[in-house]
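Below: one structure, written as structure tokens.
For reference, chains read A, B, C, D and E in written order, and residue numbers begin at 1 within each chain.
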Amino acid sequence: MERLIAAFSDLTGTEGVIPLSLAYAVCIGSLLGFITVYAMFAIWMERKVAAHMQVRYGPMETGGWHGWAQSVADALKLLFKEDLFPRDGNKLLFFIAPAVVFCGVFAGFIAIPFAAGIQIADLDLGIFFIISIAAVEVVGVIMAGWASNSKYSLFGAVREAAQVVSYELPSATALLVPILVVGSFRLGDFNAYQAQHGWLIFSGPFMWIAALVYFIASLAGCKRAPFDLPEAESELVSGFHTEYSGMRFSFFFLEEYASMFVASILMATLFFGGTTLPFNLFDLGNWGDYADAGRLAAQAAAANAPADLVAQAARAAAAVGPFSDLGNILAAHLGIVVLLLKTFFFIFVQMWLRWTLPRLRVDQVMAMGYKYLLPWGLFAVMGTAVWETYAA
Amino acid sequence: MGSIRDYFANITGALTTTAKGMGVTLRHFTSEPPITVMYPHERKWVPPTTRGKHILEQDKCIDCHLCAKACPVDCIEIEAEHYGRILEWKQFSIDYKKCIFCEFCIPPCPVDCIHMTTEYEMATDRNDDMVEDLLTWTGLRPEDEAKITGEPTEFQKKQQADDGGKAGGKDKSALIAQIKARLGKG
Amino acid sequence: MGLLNNAFPDNALTRTVDEAIGWGRKSSVWPMTFGIACCAIEMMAVYAATFDLDRFGAGVPRATPRQSDLIIVPGTVNAKMAVRVKRLYDQMAEPRYVIAMGACVCGGGPYVKWGYNTVKGVHKIIPVDIFVPGCPPRPEALIDGILKLREKIGRNDVFRRRQEAKEQMSAAYEA
Amino acid sequence: MNETKLHSRLREACPSGVGDLDTSAKDPFVVVEAAALVEAMVFLRDDPACAMEMLHLVTATEREAAIEVAYHLCSYTHHHSLTLKVVCPRPEGADQEWSPSVPSVASVYPSADWHEREQYDLLGVRFDGHPDPRRILLPEEWIGHPLRKQYVYPTSSGDIPLELDATPIYERPEGWTDPEHAPRAAGTPLVQPPNAPSARPHAGGKAPPPKPKGEGDEPATKPKPKPKGDGGAAPKGEGGDDMAAKIAAIKAAKAKKKKEGDG
Amino acid sequence: MEALEMYAVDDRADVYTEELKLNLGPQHPSTHGVLRVELRMDGEIITHSRCDIGYLHRCAEKIGENVTFLQFNPYTDRMDYLASMNNNLAWSLTVEKLLGVEAPERAQWLRMTCAELNRIASHLIAFGTYGIDIGANTPFFYAFRERESIMGLLERPAGARMLYNYIQPGGVRRDVDEHWVDDVLAFCDDFEKRWLEYNTLLSHNRIFIARTANIGILTKDVALANGCTGPVLRGSGVKWDLRRDVPYLKPYDEVDFDVPVGEGTYGTLGDCWDRYWVRMREMIESIRIIRQGCARLAEIGGDTMDKQMKRMYKTPLEPEAGEAYMRCENPRGELGFYVVTEGGKSPIRCRARAPSFCNLSVLDKLLPGTMLADAVAIIGSLDIVLGEVDR
């Protein structure tokens, strides 16, 4: 983000507000673009995964190979649907609800590091921020449920409130464990720590319990698989978005896949080594720094800075690594690919669970949250604390 | 104590059954090939006994209405004019809006002239298209026409030519007059 | 959409935009999970693995009338159910299509002679786009109906003024 | 334990009101007075020898002289069943609205609850003492009981048209009133019998007019712009030879079947 | 009713909760057709429920009085459209009882085999849609894969995929072709492997058990008093199956199979899981019957339609006056036809005793005290077909 601001400031020659807003505009625009493209791909992937698990072909006819353009067609059709509104529902809430829901999840992307330098805001309270901002989405869903003035959507909204709020506890306790090990909330540190010490999942006997607890809690958090109570087709017709049609409904669809992405990218960065391969092959973690080091060395030499600075930059440049400057940048991007692969593996597991398991009842979901996930999360935290102090 | 044992039994039970269930779906995802019949491009085999659209061998039909009587929903409408054994066909239509494909119209036919094919594509966007007319020709065929009005057939013409113009066929003037009157021709 | 509807002259640009929207609507028709009688079981067979409707993008059966744009009416509509079918049709968002599946809803079917409380054909209550006769029609016949519906959707006009579009469409129909 | 022993035990238990065992029809039945019905039912259910646990069916039948209500009882422990009948003779001047009344057995067998409501709904038999005497199948505001012999078919219920060729709702102009259909007498079908040429203009339009003389051979079916299915069966009317091939194929299939049927 | 007290609306003055009226409308993904249940609920708990049926009433009995005996056969198909072969069987046996006619032996064996195949197809749909009610979509597609092969098998002799009109009074419409018996045996072997797959996927899944065990408990005497029959009755522990206790078809005596009964393995006796498990085990029993049927079909030859009855296609049958009541074992329970004739070519009263009609009447007694998600599970476990409930 800082580099963008620096780039814009020397581009426009001014300081302060203009480059800042330009940089923000670019970031938000690229992130929005990424999310919509990702959501379309994820919807298509879900239909194909579901289909092949159910011995049939998913979308085939739209677009060329295997119906790739299916989600584009869905979006285009939803764009031109008639905009309906329930007669005596609350108009204002009805129109705001999708926006609030989408912003709740969209804001979560700010703190996520896709690679060493590529991050909108390098918050040092990264994980804490993501978990708390996700609670905004619940407000939006309750607004949607209440404003649609139909009993089924009210049911969906109330169930949603009960479930998502009460599943933030187990997911927070489960996330405490990697924070305990790494010692900081900043997501960037996780990457660096796991570059040296290998993946966190193997770093302690209780870590896999925390990973499992977090994964199940995140499923409930984004209303997927066995916990998709709020929009349970077979009972509540279509849960809280029963009355929505057209573009408004596609916002809810987008939000569901975005929150799936946030959950699985957190799983990848915190437990399975963000951009590092299993035994730190190719040392992908910090090639971004090499790239910077090379550039800094060149600048320092050009500005004929004092000797020691130039020597230090030269030393860093010398340790640039086997590839040329362009190679380093490319290698830095390899880290992003590894991270996205892991994320898509977890998204596949979420889809796989959805098409295998039946749905739990409301009180069983609550019971599981408080009686099973929370105690095991706390047990993992205590176990890791003991393990960290004595064994490691 | 019982509840503690149930507590752990619940957890192990949940994990093992979920894993086995996921194993089944994964096996379907990887090893089982999809069994979809890509309908517009390829068609599923249909046994010859399938009950689809009807077909009528119009030349054998004797307009006896047995099939129309046997139909529980009366969806067969037949109109034909009788000239002795010759028929002037106006209509033999099956109303597929009502037909329930129960195949009760096939067995009673004395001359076995109505059959059911295996064709099933009948989707239309106009309600009236669903009344299918099974006739291959309507009105009178020229050879029936000839038989009725008594013009000598080729065989009789040849016969007359052979035996020097004696009257080949029988004298049908009375029948001809009556039929011509009915046909209302000049 | 009310303002933009059919308000533009028929030229190359609006025709391509119409075709694009037509393609979008045609290839993602979302049917409603609405089953009345025996034809509903054949409709489920069409969603199932052997005749997969998801191949045409129509495999996402939505339970609510709000989000679905195609209502397949499978099974006899009697006097008590007709009121519900009419209300369901009114609740659907505007570009909505109806397929009458089965002889009962095309024109009475087996209950045409003696049925005292069956509606002889659902086109008496709601405007129907495609009729699929058969009792019950084979899954392939229903897919054939859906393909014809897709052609019909792809042809109609969105932005162009209705009159110009009609000649263009009828010309295409003759060719 | 067959019907005669059951009937004799029943006759001892409640002598008044139990008629004789009629074995003329395929299934023998016992005619019971309306008053003694509930008492007989209670005895049959509680007596260990009969032990009739389940009431299978309650059916009202309308004959010229009377309306009779049949109760089919069945026992699972002893594998036997019995039929009781209550006959309500029809008074002379009774018109369509006459409905007999029979005591309800819903208190003895809860399964009778829905059966009796259906018999009231369809045949108009009133069951006294029924917990919830409402129509079960037809809409609440339905007039008349359809299974009666003299029942007149309605032309519409509410604004839903039940006629075959009624005009669709969405094409009705403002201020639409239903055309005055003469109420058809009971039993006459909604559609003309097939052999009489249908009075109403045929849904598919009249058969094409007979060809003028001369070109009788060329097929006269309606030109339908049906898109050619690839590989589908040749659409009808494309000349006789396709048709003959198809009929031959069906004949072959039938002959093969007949051959291996006898073989 | 003790379940109701546990959730009783507490009447403290300050806590005033208003009852919510919700109707599981005629168009609802999990009401298996067009059933409307008016629920009065306190939060998620159902306090009162009332069924409203009649949305698929198609005047079958009025048609029965105006159509000849043979012509009513396709209308019995449309009553329980998932097991139309068994409906035809019940109607044909009733008419044969009235006429005093007996179908030839090969026809009887064909009838039994096709009826059992149709029973498996009907139970497969019950299994598939029950999975969707509880939330698992994948078993539906596996169930329909097997069902397609059964429909393919039954289409060859009968001519139609679903509503067969194959069994007619006097015998069977036509004989099967020569490869039919081998294909049925091949299907039986393949089905048993698939059956094991269904169990690992759904039957023993912990979440499925949590959703169905101890829910909708139907005790033995409530079931008997309310006239429940078939898997619903057997799920409550009553070992009663018409095929064994009141044999209505000769081949059922020469075939050995046992009648699965609910034992309360994962909860109390008579809960949703037991009814579901009885249906799953009945599929395997039907496979055993079909195997023995096919073995016998390969041996005996002969005609498939009674000599006298062949003329019924041309001139309608006219049995002499009288009445007959015949019961058969449908996948959903005991289907019985009570026919009263006065000698004409169509009966004066034709009453069908639909098993789903009686099984559904129990719903009003099972729902109070349960939650909305359980209501869906209970309706699914009763496995009702609305075409049969409303006739």
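Assume a residue touches a chain if its C-beta (ideal position, glycine included) is under 8 Å from a C-beta of that chain, and two chains touch if they have at least 3 such contacts.
Just so it is clear, the model here is predicted, and its values are computed rather than measured.
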item	value
Any chain in contact with chain B as well as chain E	A, C, D
Winner on C-beta contact pairs when A-E is weighed against C-E	C-E
From chain C, the most remote chain by mean C-alpha position	A
Most distant chain from chain D by Cα centroid	A
Distance between chain centroids, defined by C-alpha means - chain D, chain E (Å)	20
Chain centre separation (chain A, chain C; CA means) in Å	39
Distance between the centres, which are taken as Cα means, of chain D and chain A, whole angstrom	61
Euclidean distance of C-alpha centroids - chain B vs chain D, Å	29
Touching two or more other chains - residue numbers and ranges from chain E	28-29, 54, 57, 59, 62, 66-67, 74-75, 138, 141-142, 145, 148, 163, 174, 201-202, 205, 207
Where chain D touches two or more other chains at once, by residue number	138-139, 146, 189, 191, 203, 229, 257
Residues of chain A whose C-beta touches two or more other chains	51, 53-57, 60, 233, 237, 355-357
Which pairs of chains touch, using the document's own definition	A-B, A-C, A-E, B-C, B-D, B-E, C-D, C-E, D-E
Complex interface listing, chain A residues touching chain C	47, 51, 54-62, 67, 69-70, 72-77, 79-84, 233, 237-238, 241-246, 249
Parts of chain B lying in touch with chain E, wherever the complex brings them together	10, 13-14, 17-18, 20-21, 23-25, 28, 35, 46-47, 49-51, 66, 70, 72, 100-104, 107-108, 116
Touch list for chain E against partner chain B, complex	67, 70-75, 138, 142, 145, 148, 155-160, 163, 165, 173-174, 197, 200-202, 204-207, 313-314
Residues of chain D touching chain E in the complex	24-27, 53-57, 59, 61-63, 70, 72, 76, 79, 83, 109-111, 113-114, 122, 135-139, 146-147, 187, 189, 257, 260-261
Chain D partner contacts - residues on chain E that touch it in the complex	53-54, 57, 59, 61-62, 65-66, 97-98, 174-175, 177-178, 224-227, 229, 238, 240, 245-246, 304, 321-325, 327, 334, 336, 338, 340, 342, 348-349, 351, 353, 357-358, 361, 390-391
